[in-house]
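Chain lettering (A, B, C and D) follows the sequence in which the chains are written, and residue indices restart at 1 in each chain.
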Amino acid sequence: MAKQKLKIVTIGGGSSYTPELIEGYINRKDELPIEEIVLVDIEAGKEKLDIVGEMAKRMVKAAGLDWKVTLTLNRKEALKGADFVTTQFRVGLLDARVKDERIPLSHGVLGQETNGAGGIFKAFRTIPVILDIIADMRVQCPDAWLINFTNPAGMVTEAAIKYGGWEKTLGLCNVPIGHCSSAADKLDIPEKDLFFKFAGINHFHWHRVWDKSGKERTSELIDILYGPTQNEDDNHLKNIHSAEFHYEQIQHLNMLPCGYHRYYYIEDEMLNHSIEEFKKGETRAQVVKETEKRLFELYKDPALDYKPEELSQRGGTHYSDAACEIIASIQNDKRTEMVVSTINNGTIIDLPYDSAVEVSGVVTGHGFEPYNWGAFENAGARGDLQSMKGMEETVIEAAISGDYGAALQAFTVNPLIPGGTIAKRLLDEMLYAHKDYLPQFASKIKEIEEN
Amino acid sequence: MAKQKLKIVTIGGGSSYTPELIEGYINRKDELPIEEIVLVDIEAGKEKLDIVGEMAKRMVKAAGLDWKVTLTLNRKEALKGADFVTTQFRVGLLDARVKDERIPLSHGVLGQETNGAGGIFKAFRTIPVILDIIADMRVQCPDAWLINFTNPAGMVTEAAIKYGGWEKTLGLCNVPIGHCSSAADKLDIPEKDLFFKFAGINHFHWHRVWDKSGKERTSELIDILYGPTQNEDDNHLKNIHSAEFHYEQIQHLNMLPCGYHRYYYIEDEMLNHSIEEFKKGETRAQVVKETEKRLFELYKDPALDYKPEELSQRGGTHYSDAACEIIASIQNDKRTEMVVSTINNGTIIDLPYDSAVEVSGVVTGHGFEPYNWGAFENAGARGDLQSMKGMEETVIEAAISGDYGAALQAFTVNPLIPGGTIAKRLLDEMLYAHKDYLPQFASKIKEIEEN
Amino acid sequence: MAKQKLKIVTIGGGSSYTPELIEGYINRKDELPIEEIVLVDIEAGKEKLDIVGEMAKRMVKAAGLDWKVTLTLNRKEALKGADFVTTQFRVGLLDARVKDERIPLSHGVLGQETNGAGGIFKAFRTIPVILDIIADMRVQCPDAWLINFTNPAGMVTEAAIKYGGWEKTLGLCNVPIGHCSSAADKLDIPEKDLFFKFAGINHFHWHRVWDKSGKERTSELIDILYGPTQNEDDNHLKNIHSAEFHYEQIQHLNMLPCGYHRYYYIEDEMLNHSIEEFKKGETRAQVVKETEKRLFELYKDPALDYKPEELSQRGGTHYSDAACEIIASIQNDKRTEMVVSTINNGTIIDLPYDSAVEVSGVVTGHGFEPYNWGAFENAGARGDLQSMKGMEETVIEAAISGDYGAALQAFTVNPLIPGGTIAKRLLDEMLYAHKDYLPQFASKIKEIEEN
Amino acid sequence: MAKQKLKIVTIGGGSSYTPELIEGYINRKDELPIEEIVLVDIEAGKEKLDIVGEMAKRMVKAAGLDWKVTLTLNRKEALKGADFVTTQFRVGLLDARVKDERIPLSHGVLGQETNGAGGIFKAFRTIPVILDIIADMRVQCPDAWLINFTNPAGMVTEAAIKYGGWEKTLGLCNVPIGHCSSAADKLDIPEKDLFFKFAGINHFHWHRVWDKSGKERTSELIDILYGPTQNEDDNHLKNIHSAEFHYEQIQHLNMLPCGYHRYYYIEDEMLNHSIEEFKKGETRAQVVKETEKRLFELYKDPALDYKPEELSQRGGTHYSDAACEIIASIQNDKRTEMVVSTINNGTIIDLPYDSAVEVSGVVTGHGFEPYNWGAFENAGARGDLQSMKGMEETVIEAAISGDYGAALQAFTVNPLIPGGTIAKRLLDEMLYAHKDYLPQFASKIKEIEEN
């Protein structure tokens, strides 16, 4: 009954993460009757695509599988008849991320490449492209699932569903995965024996934890992780500085924050740390650029036919593995419990019905079934979340319309960007800096250039 | 970590269903570390309690188990230290149900002992008792789970949670179970390979069905079950007359109705049929009384140490099995997919946040986690459901306050009772007939008596 | 600043109500700088249009006004440049209403020409026409206000706004007007010294009343109007039988019902009365037909140049006066307090945001500003209202799509129509009887005819 | 019917605003049948009470009125039999406000004495007192109206209604008044010929404007006030620095912001300006202290029997006049259109049902009837507002419970306070500084002191 010959297409196939994805498929070879894996990239990514694509072929071969691995720059062709499309592209490559992070910091403002000024610009560059991809999918593979792990994953997912009309879109992130394994470690209980319930939006969610006996362990975890013995090693997100949360505030929340909440809850520490990195030329994007360079050197080795250990240190690890699991769970109606960016439909009643949320649920053959969350009890958390959602909606609107007022609104309401003169100056500077990837803002950018 | 020595208490333990419950525990002996089963009943039910209680003991013994089986009329004592309390009592016994059904029919009105005039009076009699039980539980077993399968299960569950404040209440019904097995039969697909999503309230819910490949099979089932070849044998509810649904209306719903929808969707046929039964002295309660008499004769046989086949024909079968499964799933955090009456909390956004709904979800160690449903797409179904919920809330209010205006309101808005003179006359007659079990309405009943 | 030369167009200008409308304009001649009044009708109404149109001219002349009064069958032409368009047409004329009322009664079912089976068919006939009118308005008078008093006014208003996209639509009814003057009479307080707050939908609303001192007088009015001394003369709706409400139920509501609630709250009395009328050939439509005949005889009198007393007994009186007041209030930003059918936008949070509600508010130069209502406190009233709204939405859907399943759904969920065999039989018979005015159902009607 | 002999009590009667209040009553002497005005203050305010109280007596006498003017420190006695209670007290007097503003600025953080860190502490000090006043009112004057103009007016109103249970509470602010007269000026249209619709919360609301012809003038006003010719003189709020809004952002809003939005939309400019004032020792509180000193010198003059011109420059002008108008409108059911802080009840569906909102409506004999607002169309504005409300709810919770985690949460989620180390340090310093007025936080303050 389930599909017998799968075609899986990865947009942004030249990514350094691809080996993890391939490894994930190989690990699930009994669940995934793959016929063809297509790695798609753009001209500018051709070299990387060739390197990592050849390695992907070696990995498949080493696993003794007859899967066809295709490398191509022709997206339309690639999508034809696809069953699953995964997206992991980065418009403007890492150089754009460098700008996303460094330009704000040059003004003393957090860049934060997913929810801050950097994330807003990543959304501006990415959303028009995801809508283009969907336009192609509508023709080439109208029944395919779109598994997005391009950041900002929440906004991209919302745009794909609400504006692209692609209901079969699921957004993925590795952050919840890390929180689950960390909780299991700290409680010394196997992860499968804990029940996790996450709610919020991408990179801005909270969670609660119960054990098999039905006992809620959330406050115990708050004590362990954020109490007086708080330890920076407990931050499993390698890409986020381990500033310490304020214990009493987290106790009042009575939910576990996600790593990205550091940017909101202890903004000053994070800003100071980021400015230090900025001064040393060690912002995250710059570090990642070096890592990637090293990884691609490794990938060139024709003897390497397995995922190298170094990739695990890259930061976004588990992303690709989660993507493989979601595909396997859809394919086999496995009902795996996962945390996914999906359409709200009232799961969190504090947020608009048609917006994207990131919540716990099970992955079935017909898609994601979220557990109901209801209303947030903590008014402060609720308000913060609603504010972030309003910001996201405004970003998506601006990304599509190219309306400068909307973009300025998004900057104004984003809690990581101080309102006022600086917000406008930063916006203008970033519009100019990213002009090659922002056709929707062309006329405004021209006006900026002329001044 | 999970509890090691379980005490399970059944209020209404003298019920003819008890052997099914015992069988259910025996079948799950590896999952349920039972130490004691307590069967509680009231003075009027002592004889039945003794008969069925002795049989329960024989069943446990025959299974080679050392579980203690206790029979008692002392509810407070029974509840002490309980882990699970199940409720299956009937205030006023079957004679009250006979009145619930026959008095309305004597006026040409459907009684419907769960949602109609009969159900309203069952709620009036039952809700004060469930609140009493909870008052006892608060003292005797503050951590126990309350598994209710006393009808009207939705209203009783809502009263227990909203007015009794007992959050650890779950309501059970066998109707969804029958719909699941019937769908599996019709599609010739194992039940576990189908995904069912139910939403609504007790005895007034709809469902959708998907297969493993992700294909929705709802409309196909509508065709099979309610299309031109509609067959009365496909009605798995033995206690509901198999009048035929209108195919086009069900197609427009685009959801599968539950058996009880017959009372609303094809009201005239059901009324005509009920009136025939009434004339023949064969209303459901009367039939059940006979069945029960036969069952208790069987139970008296000291050689009988297993659930007799005849019980399966009693109508409410699967109820007790479902109760055992819910207990096992809580005890072992099994995350079994079930359909349960639970607090809404926004699962169905068309209904009040704090009301009871009957929806699909998983049973965990900390309770029931419903899948989000969101809004009903069909405006007619949505309005019907909202109307029934308003009626239920009014019934619960009247059951607690004893306010005659509230009772008359409930009768007026109930869709199975025609508004007007007849509603009031019927209400008064039923208040009088059930006066022994309605202390909250005592002053109004006295006034009725005097007229 | 306000418009200086008004063109007011009345669709269905041949109505017997037109003199009241003209009188209303004349009474407000200082507020309404009218240049032209256009009375539009269809070929079948030409004779009546001529009669009443000539009388309108005489009335205007007698008032010493230079307003142009135009009679025409050319709707498109008529609409050109209109400032206000009022609608009071009846598709199929009174003969259709006779069928709406008599066919259901022939099956022992209430027809109720606004919310019952009759009202559903009136909606089926009317909604496509109102959407046509709006299509013309979009071209001919894109800034005009549409003041609808064609029944079922709530559904027509909802269709105009939600499906026609004509936001400048207001729906009018005379029922609230009667309740206000009746309350003032009973309390012996000038109407302007009372504050009325209505909420619900057309012909299904409740209200509360306060006096100048801030004291709520609702329960006092309930006592006077529906208490032990209830008097049938207190029913100000000439077209609704004065069956008595049940005092205790209304007390529990703690709001004043509208006259039409008799059909729901004391359904059996109303049905019995209607069946008697039916047997005597005196259903409302039949009575109105006679009244209309007499009125048109009067109108023919070339000496008659004022609204005759007989019109006041027609039943719908005050309708036209309300329409004139709403026009005057928009024109002059008078902020008159009125009760209007308008888009909900959260005024009643129990109903969909985009549906029509009938509520109190003020009429301003930019339209209607409703007072916030919030949630209904009485769960029974809330559920009833939600059920009626779901029914209305289903009717509108069916009226536009011509989907038979939707029509059957509407019949099934309508509380005045018993579900089942009778609902379907009645639907089919009415579809056939009205076939000339139901092009959207043509194929289904053909199928019915063939059987 | 309306009350014939009014007793009006003013808590904080020793305020420098009192003469405006008295003038307002005198101006409405035909509408207000006052018997007694009671000015209440605390021991620390006795001197000011005597000065301004004597002046009040002179004003009343000069107006030829026989109203009794009573000065007292006995609040309980004063409240006995009151019809209206107005509150304009300041716990800790202006010295506390100096701290509210200067301590944050000493850390480079905006104090903002209504919504920022200063406002949070004003709420901490004020809310327990308003709940005490209500406790007295419950005994002394159970039917009185509470007209609050103590800041933060929104939070105080919400606490009074939600926690104090005093439904007859209305909160007042002069900010909307200024916006209305400014719009009238700019459009050169009499204010009464414009329709204003405000929505939001105290000091965080937006508005739209229409003229009599029904034309919306909002965007025209945006152009005039915030377009290229933006002029700092157009800021009618004397107490808020006239930094310029960003035109494009306001255009995108498509609503007119309130003056306090400068703190959020152009935060950096406001902060820079405040720091300059701080350095010069000219924060608002310090300026006001000087003004007050001068005013009381004037008030001492036994010849002064009218409101001196200097009071108008005090900043909060119009407040008291609005309070008199609201009293007159309640007393006479005038239905004056005003902007009031009131319970939401779904007026703004984006905010909790039971929270306080500041919206347009009419003041009737039974209280405030808000015009429905519905949902905000601008997602950025919606999110910002929801975030502020979540902050307010957290502040109120902390003010009542004295929970330090809640206080830290409030500081963390307040958009004017950067999260992190600074938030906590500031909170601790302010708790310590205000310790005399924060009994609820006593144990935490002791802990801080010990460190």
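In the analysis below, contacts are C-beta pairs under 8 Å (C-beta built on N, C-alpha and C of every residue); 3 or more make two chains touch, one makes a residue touch a chain.
The chain list, named the UniProt way, goes like this: A, B, C, D = 6-phospho-beta-glucosidase.
Since the structure is predicted, the reported quantities are computational estimates derived from the model, not experimental observations.
Asker: Identify the chains in contact with subunit C as well as subunit D, in label order.
Answerer: Joint contacts: the list comes back empty.
Asker: Chains shared as neighbours by subunit B and subunit D?
Answerer: Touching subunit B and subunit D alike, sorted by label: A, C.
Asker: Which chain pair is joined by more contacting C-beta pairs, B-C or A-B?
Answerer: B-C
Asker: What is the chain whose Cα centroid lies farthest from the Cα centroid of subunit D?
Answerer: B
Asker: CA centre of subunit A versus CA centre of subunit C: separation in Å?
Answerer: The separation of the two C-alpha centroids amounts to 54 Å.
Asker: Where the CA atoms of subunit B average out and where those of subunit C average out, how many Å apart are those spots?
Answerer: Chain centroid spacing, subunit B to subunit C, equals 44 Å.
Asker: Which subunit C residues sit where two or more other chains touch them?
Answerer: none
Asker: Every touching chain pair, please?
Answerer: Every touching chain pair, ordered by label, is A-B, A-D, B-C, C-D.
Asker: What residues on subunit B touch subunit C, complex-wise?
Answerer: Interface residues on the subunit B side: 243, 246, 248-249, 251-253, 264-270, 378-384, 386-391, 393-394, 397, 403-406, 408-410, 412-413, 415, 418-424.
Asker: In the complex of these two chains, what residues of subunit B are touching subunit A?
Answerer: 1-3, 193, 195, 197, 210-216, 330, 332-333, 335, 345-347, 349, 353, 361-362, 364-367, 369-375
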